[in-house]
């Protein structure tokens, strides 16, 4: 028996990390609360519960993943860590693929769990727009008032804010958080963005989280309208977050992190000095400048 | 006097644990907010407050219990811990019985506290369905749109998610949480499930939590309709969570826990190495394979 | 200058504690959110925000007080600590008086801050009942459906739950919480009770918190109706919480605390053994049996 | 490359702190949720989400800043720390200027992100009052019922409460909080004030946070009405918070902090004794008395 389990044990650290990132995104999507609010027509939730469900889903996605891969869960964050020289570049596409697969299967699970409810709510007709639209359960569509440029600005600003705050939470020169607080803070950050930047286009922020469920709805019966809607909106939440992520990383590094003193301030933190120097140098930007 | 108290002191660790589990479930049920929202017709709460009340009730059920029995509070979780070889099998039925008794008395206390309100709201007629139904205060009933298979899928998915996340929170290889954070996280998890998987059938997740109050309503005046409603729904929240619990345990173990390296990574965690090996072997599955 | 401050410094520990308890209750009342929700007719809040405001006010009342007097803030809790032999009896009435004064002045401050809003909302007529009633901003009144016995049961159950959970949070044999978590948990407990036991009579739970503001409204213009309303309701939230507090203390002690082993289980907790024995004996009950 | 970054590194501690305070206020404003709630006419949020967004924005403003300048983020708090002799006076105006600039640019970013939504909601007419008013997204205006004196009282009371509670959270004689909890508590405090003292005039509390966005709206098209509205309301949230801050500081110091014993109570805290003495003396008040 134990030999059987030993054979299940995967030696490759990278495969383990991809499995974890896959499961993290799966939970993040699978616990999204939009299906409940939309199909119950607001009797079982509100805009706040929808955002709270998403934020808490992110928290648990992180808790499931953090000990293995550090719970990146967003390729923009992976890219930022690579730019900052904190991980090799080849992790970025592999994690992105794991995220895409996890998001796709998460969306499939939501559809399975809400199959009855979606059928009744939509009258059996899976549509992207109109009063009985259900595509918004799975991925982002722009509000009527939003222009394409407005959507790009929205996603750039929101992702920049996400990255600035994540970098601050992770920055040990700002203070050492107790274990387990950082995931909760990231969830609170997602909630903040949802409550303050969610009405333009639903704050996708995460290319794989948006594309994976969109591909699922394309296959599962919503059809090619999921790519046509909003004037071909689908590429915005894939491209704009990278721009915002880069901008946010630059802002945080140039305004805060680059100015940290290299010598530790209190004697109790000496053992971290070497590691902190690693965090403060910025080799990844060789590729940019 | 102290001799009197000494005589009250129970030596048996198992009886102490059952008392604690009993009290934990009692608090979990007794602090449920559904009675308030339903009898006040929404003037004193909303769907969110109902879920928040339930989630926080769980948190305090755990705080009352955790130092004695580890606050299992759900026989599915007890089963999972037994399968993973972390506790003997005979605790599972004893805890389940304690849960059933605690949930039954918790429901009785809610009825006592809301006796006036329920009489006025229901016009003195205790019914399971219709506009003045009050049975939903105590245990789960499926929404109109839900088929039996849909209900089983819903409970399997939700309990699997519960177990995956609980195992991750308890998994010390993911990181050592500060004391007192884990109960809060479990409450947040209950809230997440309530906000994202609650509209199909009210996320019972816990056989004793559903059956105990159902038995109470059967006796207290709602009659045999509590077992007939929803096409004989009552057995689904008893059976499906076990399937979901098993599934969730397998997913977490196969995707995450079984791959943890047996040797500790940082020197500061050496003292835990032995215990962590215990957590990583999986003797309970001898019984399955 | 420093000599002037030295002259302000009060040597008596008891006076310092009473000052702190006074300020704690003052903040607890002063930050109550009922005035905002009622006078804005729900446009600036809801039932949830009212409860959240109260719960968070309690949290900050505790943070202001905890380092000086341990933040008792409720004479029922003071009584319970005395019964358990953890403080001398003479603190109970002194703290109660400080609470009464703090609650009275807190209510006065709320009236001052919302003077314009209350005048406009009530049309200048300060009434206890009716559509423009404003007395409910300050203290508890029973719902129409509630009988006096129902109110007593409600307060006994709610205060018992409060005490059980507070004793569990404070019980170091359940686990040592990080500093600062206990106040937040007590706030969460107040929120739980507000969301699940608030619709009968607004969960006063605390004699001084209810009587102080009631006395203020009696003087400030609402008149003797504040004592006549609800069939002479005013004495219930003064008497019933003591019964509930006693019941809750007995339940927690008999089901959980009295059974704790006197010897510490892990070597790391040896230094606490003596103190824990102090917590486990129960000299205060000499007076009862 | 690294030489380039070295040249970006700013040696002056004061400039670094001002950059951090600037970024903190920028995030605090930029993540405000009022734009979303107002332009979506409540479909994407409610009063609670607006307050929660503001409070969480404050939390992340603090996390971005705390390791560099201690995250003062409010000139009233800076003034209080100077009065208590905990920082030199020249930081107060410099921080205030950084706050003003951060708040101005934060408001500009909100306008940019919600440009489409504001145009559609307001029909292209940027107005301060009326059903399509949008100036309230950016800074405070008094409710119709509020007199100028009522507004001054409101701001004095609210800022006093803010200062009392912030001083208590920062007061290490009340207990040593785990790193990272204090910012969350300050956010919870902002939420408390928003839920209980927000309906009179929207709890500005912070001169720069109110003036910066007001200046932006003055320039961006709302015109001089932003200064005329509410009977020339604009100066109240600039002046009254200083009075309230002074009052709150005095209350906390005189009722709590000045009475702390100078000798540490437990041996484990000896190493802090010197520092705590520093906190307890009050040299800044030389300037007042």
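Letters A, B, C and D mark the chains as written, and numbering starts fresh at 1 in each.
Keep in mind that, in the parts below, a contact is a pair of C-beta atoms (placed from the backbone, for glycine too) under 8 Å apart; a residue touches a chain by one contact, two chains touch by 3 or more.
Here the structure is a predicted model, which is why all the values come from computation and not from measurement.
To overlay chain A on chain D by their CA atoms, one rotates by 90 degrees, a value rounded to a multiple of 5.
Counting every residue number used by either copy at the chain B-chain C contact, under half are found in both chains.
Centroid to centroid, with C-alpha atoms defining each point, chain C and chain D lie 29 Å apart.
Inter-chain spacing, taken between the CA centroids of chain B and chain D, is 41 Å.
Those residues of chain A in touch with two or more other chains are numbered 46, 48, 178, 181. Shown here, the protein chains touch around one cycle, each chain meeting exactly two partners.
By the contact rule set out at the top, the touching chain pairs are A-B, A-D, B-C, C-D. Those residues of chain D whose C-beta lies close enough to touch chain A in the complex are 1-2, 4-5, 8-10, 16, 19-20, 22-23, 27, 30-33, 35-36, 39-40, 43-46, 48-50, 52-53, 56-57, 59-60, 63-64, 66-68, 109, 112-117, 119-121, 178-181, 184.
On the chain A side of its complex with chain D, the touching residues are 46-48, 51, 143, 145-147, 150, 153-154, 157-158, 161, 164-165, 168-169, 171, 173-178, 181, 185, 188-189, 191-193, 195-200, 251-252, 254-256, 258-260, 281-283, 285-286, 289.
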